[in-house]
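Same chain, two partners: subunit A is paired with subunit B first, then with subunit C.
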Partner chain A sequence: MKKLEPLAWVGPAVVLIAAVVIWPVVEMIRSSFLKISRFGVVQGPNGLANYEKLFAEKDFADIMVRSVIWVVAVVGLTVLISLALAQLFNQRFPGRKVARWALIAPWAASVLMTAIVFKWMLDPEVGVINLIRRDLGTFVHDVFGVDPRSLGLLSAMGGEAADQLGQASTAMPWLVFVAVFVSVPFTTYALLAGLATIPSEVYEAARMDGASRLRTYWSITLPLLRPALTVAALINVMNVFNSFPIIWAMTRGQPGYDTATSTIFMYILKNSDIGESAAMSVVNFGMVIVLTAIFLKVSRWKQEVA
Partner chain B sequence: MNKKLVGAALGLAATVTLASCGSGSGTGTAGDSGDKAGGGQVTLKMVAADYGDGPGKPNSGQKFWDEVVAEFEKANPAINVEVTVINWNDIDKQVATMVQNGQPPDILQTGDYSGFVKDGLLHKAEEVLSPGVQQDLLEKFAEFGKVDGVAYGIPFVSSARALFYNKELFTKAGVAEPPKTWDELKAAAQKLKDAGVSQPFGLPLGQEEAQAEAFLWMLGNGGGYKDASGKWAINSPQNVETFTFLKGMVDAGLTTPNPGTKDRKTVWEDFAAGKVGMANGGPMSIPIFDAGAVKDKYGVVAIPGKTGPLDTTLGVMDWIMAFNKNNHPEEIKKFFDYFYTGPAAQKIVDLYKLLPVTKSGIQKLSGDEKLKPFLDALPNASFYPFTDPKWSEVNTQIKQTMGGAVQDPAKVLGELQKVAEAG
Partner chain C sequence: MAHTTQHAPQHTAQHAGHHAAPRTHRGMPRLKTTVTAAAAYLIGLFFLFPYLVMVLISLRPQDELRKAEWFPERWDLSAITGFWSGGLADNLVVSLQVAFGSTLLVLLVALPAAYYTSRHHFRGRTFFLLLVLITQMFQPTAMVVGIYREFYQFGLVDSIVALILVNGGFNLAFAVWILNAYFSSIPRELEEAAFIDGNGRLGALFRITLPLAMPGVITALIFTFIAAWNEFVVALTLATSPQNQPLPVALHSYMGQYSVDWQGLFAGSVIATIPVIILFALIERKVVGGLTAGSIK
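Take a look at the complex of A and B:
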């Protein structure tokens, strides 16, 4: 009887995980092998046809490559910026409290809201970012006689040049920017917490040994920060890979599928073929696991986080 | 296997799956069908879509139907009607749940009927409509309510498209008349551009409704999604020519920039703000334009085609249908007759800026100057091939990629054709 006691404590959690995690995963995988009508009625087994159709989509390969680039770019930039910000916020300076609070804002705001706000700011007719570009353009034209377009500024609102979300080459950097913008606060706070755990004696010892600042950062701060860094980056990898609202609100994956990631593609497919969409979900799920496994391997999770 | 890794994998799975079930919703509370409450009383259950701004709003569908039903019950004390109004996003799912549970409503008003016919769930139209009402329905519309020659779906309301133009900008640019042909349209757009208008022609080929804008242009050249024999013809020579013309417009900067990423909502808002010279719109855009800077400064005409104005337009219609499970055709007939012959049919059209589906309804609206181009084209409207089971897939693909056809018409239209013909 005593042996069974832990089960009473763990049991509810196991049941919960089985109900909200494992069962949906099983359902997802099962659906990917079914033929499902657009009204949601199961019409019978479909073998591998959903997967064959998915892999035959002409945009599939591009979308998968873009998803990986998207994750690497967003997480990479987020981590780099957060490392710098965490270092900054770890210093004592006047107004630090206000600055720390301000950093929370993008995190506290809904991601969808942030994305919509940026979409509006980039509106070709009335967006504030484009208004600034036009006003600066008028200024350089009037004062220096320079063609504003040569500086990436605008001579008038509403044209092709003002429509940065309309082309993949300019839309993608903006999407990455917004994704970094909303990911930085959490990452910075995770790293700040990590920095707080590094004992000051280590730094004192380093100073007595005459280590340079760069050397101290490289050989003491970064290695000791690794557990926090690994967890923060890992959560970001999963979040960003599954990130939906930013791209959906700002471009809907358009033009064509040129700004779509696999999550967006899965959602679009849901309108036409639920089985194929489920197959995309399974591929997505596998991708996250593979990406995570690679990441853990690279960051040697077992030694460092234990 | 390391325990922590298992934990991490589970946590990971949680993130993924939780994210994936966010969109599921819809609890079908179908309520008990208290069929006959004694004394010959019959209760009809009705499910309807909400054309208004949602529950609690002055134009909510529930309020509209409650008023209609109150009047109806006064005239027919032996019949009770219970109306459940559901928003457009959830109605399909909730009705599907009701049907699966064996509790379909008696009357359903929504966007499609064809899915229920195959399973033999619906009354024929002639069983629930009196001949007078049936004959009053526009033939072209009623035709689409038929499956294998038998009418099941009853047209409920419709909508159509016409060209809106900004009179003030036209005067400023020195364009005397709204265009009737593509050449006139291009010339007018050029003049508007020269006068500093940033979007001479508003061209929304983005995801929201690319299928509508593209179709309107195809109709202008005798094209369409299917040919006269009912075969898919998305990449027909006419359509390629149409999009080659549009490509010329886009390349010359005469349209909304990057049309493949612009939704009609954005273009209509820009039109309302006075930044667009011309754009295709419907009766539902009138309130948007009237709320903006262009109130009383715009005109509505038939959509220009390649050689002359269109005598057709894109028609979109919604349906009402009767389920046969509870076997109340007589009572349903009374309710339908009351709806189509009484003030209700006109009221719904007025309230939500929709168009009627009956000849008498069109007659009643004929005095409205702004609605005239729509009403003229309505009896001869063209429709999406929505009865084709492939349409939902083709439509999804059109919404996403049609915008690319203004860069490479033959290639993009060819790919869409391939999707339509596959499987």
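Take a look at the complex of A and C:
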């Protein structure tokens, strides 16, 4: 009886995880070796044909390269910006609580909703970002008497083309911008929590030794912040890799597949060939496994749990 | 028992935080504070901006939507007030069912598991916690094809039950993790004392331990609720008929129509977004600790 006790308490959780998280993984791998009709009917084994078809797609290589660049660019920018913001929001100033609270919004709100607002803000005619471009141009023209186009000011916001989501060269930077926008809040909060664990004595000692501000930050703050930074960065890598709603809502991976990442490609394939889509999922999942292994290693879970 | 201190750093952190920033003794600290505050407010405003725009559009009358102006000439509340009688109200109900259903499921499943693992060393405990930690890293997006295939075989595609199960399953990890930390921080002796005073085991659990762990329970519940409320990919895949779609999916398909009713779309977005931001502000401090799973020390 005593032996079965854990089963009663922990069993339901294990069953739920097995049914909803583990089973789909198995099903996904199995499907990637099956021939499945558009309507979901299994038509028999398919060997490696799904994978061969996937790797033979002419956009496949581009999409994989883009996925990697997407993750590196978004996470890199997110971390750099969050380091600066954490430093700022760690200072004492009146109204800090309110300012920090404002930072929460993109974290709490659905990423899809944020992406939809940005899509509207980038509307070629009435979008707010276009209004800013217009008003800034008028301002520069009226005050300084120069043609705003000569300053490169407008190109910094997407150039002359008004429809910035319509072409890959301007759409991609905006997609990265939105992804960074929704990732910075969590990262900043994680780094703030990390900063708060650094004892003030360390800083006092550094000051006594006459270390400069920059030197203190580089030799003391950053190394002590590393655990928080690593975990926050990894969680971001996972989120950004799996990020679907931003691209889906703003460009659907278009024009062509020019703004599609592997997740978007997987979803588009799902509507034409489930087997091939499953093969794409397995490739994606392989990367997730690698990332998880790194996460387990750096989070030192054994010390936590044992 | 390193995990007993898992959320404790958060508390001590609050005190340390005040001293953590290196202070300058050189001249005009006031100016520095003013500049810092101004920068922080501006950045705060920047991050609120899209949501302010969202509210602004929802109040803009239909005939002014294509005007390239910052503010509407007249304000129009009809999209928000009319929302409850419009078609999207049904989708709001679906969203509520999914979010409450998942939260209840997580509560029923995670609470006993987290409590038991914090109090007992049993065979398979380490395996269970590893399983939980791995699940926390997995997201439904990468395995949405597998999820679809599984529920297709069960004939559960296009059902609210499927959405509740998936959201519950994927948010279980966070709940177990944060609850486990809370239970571990409550001294066993308190429970023993209540037990000796004539309460049963369960009585002691419900009278002493659970009330003390309430902040953790509330955090886990709000977090699950928000995650299920915001979830998009699985719902987009599984909920095929319009009346079974949660609000985000319904709003998304709204956007795909030839002429987008932006006012109606943003009225829905405001209703789907603003309450969640406020809810999240309540638990923000505890969420960081839960998500980073005690690796920040």
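Simple rule for what comes next: the second predicted complex is superposed on the first by the 245 of 306 C-alpha atoms of A that agree within 3 Å, B and C clash if a C-alpha of one lies under 4 Å from a C-alpha of the other, contacts with A are read in each partner's own complex, and residues count from 1 in each chain.
Here is the rule we go by: a residue touches a chain if its C-beta (ideal position, glycine included) is under 8 Å from a C-beta of that chain, and two chains touch if they have at least 3 such contacts.
Remember, predicted model here, so these are calculated numbers, not experimental data.
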Query: Can A:256 be said to touch subunit B (first), subunit C (second), both, or neither?
result: first
Subunit B versus subunit C as contact partner of A:124, first or second or both or neither: first
Query: Which partner, once the models are overlaid, touches more of subunit A's residues, subunit C or subunit B?
result: C
- request: Examine A:239 and indicate which partner it touches, taking first as subunit B and second as subunit C; both and neither are also allowed.
  value: both
Task: Figure out whether A:6 sits in contact with subunit B (first) or subunit C (second), or with both, or with neither.
output: second
Query: Touching A:165, do we find subunit B (first), subunit C (second), both, or neither?
result: first
Message: According to the stated criteria, A:58 is in contact with first (subunit B), second (subunit C), both, or neither; which is it?
response: first
First (subunit B), second (subunit C), both or neither touched by A:273: first
Message: Let me test your reading of the model: by the given contact rule, A:28 touches which partner, first (subunit B), second (subunit C), both or neither?
response: both
- request: Considering only touches as defined above, state whether A:185 meets subunit B (first), subunit C (second), both or neither.
  value: second
- line: On subunit A, the footprints of subunit B and subunit C overlap at residues 17, 20-21, 24-25, 28, 40, 125-126, 238-239, 242, 244, 281, 284-285, 288, 292, 296, 301, 305-306
Query: Which of the residues in subunit B come into contact with subunit A in the complex?
result: 2, 4-5, 8-10, 12-21, 92-93, 96, 115, 196, 198-199, 206-207, 253, 257-258, 260-262, 266, 270, 273, 275, 392-393, 395-397, 400-401, 403-404, 415
Task: Can you check the complex and tell me which residues of subunit A touch subunit C?
output: 5-6, 8-10, 12-14, 16-17, 19-21, 23-29, 31, 40, 85, 88-96, 98-114, 116-121, 125-126, 128, 130-131, 134, 181, 184-186, 189-190, 192-200, 203, 206-207, 213, 216, 227-228, 230-232, 235, 238-239, 241-245, 249, 263, 266-267, 270, 274, 277-278, 281, 284-285, 288, 291-292, 295-296, 298-301, 303-306
For the subunit C and subunit A complex, residues of the former touching the latter: 2-3, 6, 9-10, 12-14, 16-22, 33, 36-37, 39-41, 43-45, 47-48, 50-51, 53-54, 57, 65-70, 105, 108-110, 112-113, 115-117, 120, 122-126, 128-135, 137-139, 141-150, 152-153, 165-166, 168-170, 172-173, 176, 226, 229-230, 232-233, 237, 248, 251-252, 255, 262, 265-266, 269, 272-273, 276-277, 279-281, 284, 287-289, 291-297
Message: List the residues on subunit A that touch subunit B in their complex, please.
response: 17, 20-22, 24-25, 28, 37-41, 58, 123-126, 156-160, 162-163, 165-167, 171, 238-239, 242, 244, 251-257, 268-269, 271-273, 281, 284-285, 288-289, 292, 296, 301-302, 305-306
